[in-house]
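The letters A, B, C and D name the chains in turn, as written, and every chain counts its residues from 1.
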Amino acid sequence: MFTTTVSPRFYETDAFGHVNNTVVAGWFETAREPIFRIFSPDMDIRQMSLILARIEVDFVAQIYYGKDVLLKTWIGKLGNSSFVVAHEAWQNDVCVARGQAVQVAFDFATQKSQPIPDGIRAELEKYLVP
Amino acid sequence: MFTTTVSPRFYETDAFGHVNNTVVAGWFETAREPIFRIFSPDMDIRQMSLILARIEVDFVAQIYYGKDVLLKTWIGKLGNSSFVVAHEAWQNDVCVARGQAVQVAFDFATQKSQPIPDGIRAELEKYLVP
Amino acid sequence: MFTTTVSPRFYETDAFGHVNNTVVAGWFETAREPIFRIFSPDMDIRQMSLILARIEVDFVAQIYYGKDVLLKTWIGKLGNSSFVVAHEAWQNDVCVARGQAVQVAFDFATQKSQPIPDGIRAELEKYLVP
Amino acid sequence: MFTTTVSPRFYETDAFGHVNNTVVAGWFETAREPIFRIFSPDMDIRQMSLILARIEVDFVAQIYYGKDVLLKTWIGKLGNSSFVVAHEAWQNDVCVARGQAVQVAFDFATQKSQPIPDGIRAELEKYLVP
């Protein structure tokens, strides 16, 4: 499992006084950075053959400014050309949000999905928690 | 149906050269503003008895900087205390993203969901497209 | 003078209940879009020979959610290779923020500033209000 | 001096392939969090008697995705009711941005600036580097 810690930023709060919901989609993208590194070890993002097809986020509890948030990330499902990344956000030992992202290995030249390369698949499998 | 137009902002693009996926979650929140106004006509947000329980976004096509995006929004489902808001984003006459948001009428005093008030329900029904 | 209207987005508010200050830097970038179009008429941003050297923002009054904001933009100073873009944000007929941006014509190949091309200079001069 | 480390987030990049300039204004706000804590130790932000009057950012070098950025923050000037916070952002041992923020002690009840309370002033002085 990958873990990342984010400190809520003041501009991420909203008029309700808590972290805005849309921010969590950005945090979960941030939590996928280790997966981007698997696809593109030198982080040459423009060469990264990966697209995002779908995201889901469940907002479980309010997220407060002033306390760190732990993001837990793993591979929930590993298909031929696509895979599901699962996320949880925890603050004060409470799960405050859950989510998932469907990522697809993609060939930008042909504009089509492509099988996940074997080396990358082997790496992703290490984080597979079905 | 509600419609809102957004002009992609330069800082909303990412290193792939298109609008970043997480931005769409923010646009769809923006597209729900007319619904926030139904719950709180004077836009006193801190008094608004409404929480967001869940979002989903499907990324259908790349979204480009330099062209407006039309957001179409309607009520997809209307329950007792919760309702589903459906969204589509269109650019250059192409549907580039779809999504939905589950909103819940909420009593902050008791920290519990509550039935959608009748007056608000009648207003939401006008935008119901099952 | 260029004018752009932005509707404050809910996620742009912060826990103080108003639009967050850092958001204004993004709005002013958005207000420079017509200037980006002068440098790159087809909005091929990656080919745009322009960098941002400096920004300043003065926060004059609180900016509220629920009311449009008018952004006024003009060229305040036009040098050989650099120019100053001046901005004002108005809400409810009150100037709520002022700012400026120093932009520099830049040759990415040599990584050096370069004179503003004549055709572009002529266009920028139309918006010069010293 | 206060130091904070931020990892550039993918959505913070823009179509130029680097971190967007407007993001730095948000990072510098984040770097002022220890100062917010001096004004409001329990981080009850809505009770914090502090407003932001002005920001300046100089963009010195491109900021890349994939490498941490160190934010150095100190008090540059300490007046009666206002003070200047100075910031630098460093990546790969290069100063990539400099900035400052003018903050003002503010009484929201009277909507006027007020002298910085003695206890807070003593704390801020520890970080004063004229």
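Simple rule for what comes next: a residue touches a chain if its C-beta (ideal position, glycine included) is under 8 Å from a C-beta of that chain, and two chains touch if they have at least 3 such contacts.
Predicted model only: the values in this text are computed from it and were never measured.
Student: Could you quickly compare B-C and A-C and let me know which has more C-beta contacts?
Tutor: Most contacts of the two pairs: B-C.
Student: To lay chain A over its twin chain D by CA atoms, how big a turn is needed, in degrees to the nearest 5?
Tutor: 180
Student: Distance between chain B and chain C based on Cα centroids, please, to the nearest Å.
Tutor: Centres of chain B and chain C (C-alpha means) sit 28 Å apart.
Student: Can you work out the whole-Å distance between the CA centroids of chain A and chain C?
Tutor: Here chain A and chain C have centroids separated by 32 Å.
Student: Quick check: what residues of chain D touch more than one other chain, meaning two or more?
Tutor: Each of 10-11, 13, 15, 17, 20-22, 26, 29, 45-46, 65 in chain D touches at least two other chains.
Student: Once bound in the complex, which stretches of chain C touch chain B?
Tutor: My answer: residues 7, 9-11, 13, 17, 26, 29-30, 33, 36, 43, 45-46, 65-66.
Student: Under the definition above, what is the set of chain B residues touching chain A in their complex?
Tutor: 15-17, 20-22, 25-26, 29, 45-46, 51-59
Student: For chain B, which residues count as touching chain D in their complex?
Tutor: So the residues of chain B touching chain D come out as 10-11, 13-15, 17-18, 20-23, 65.
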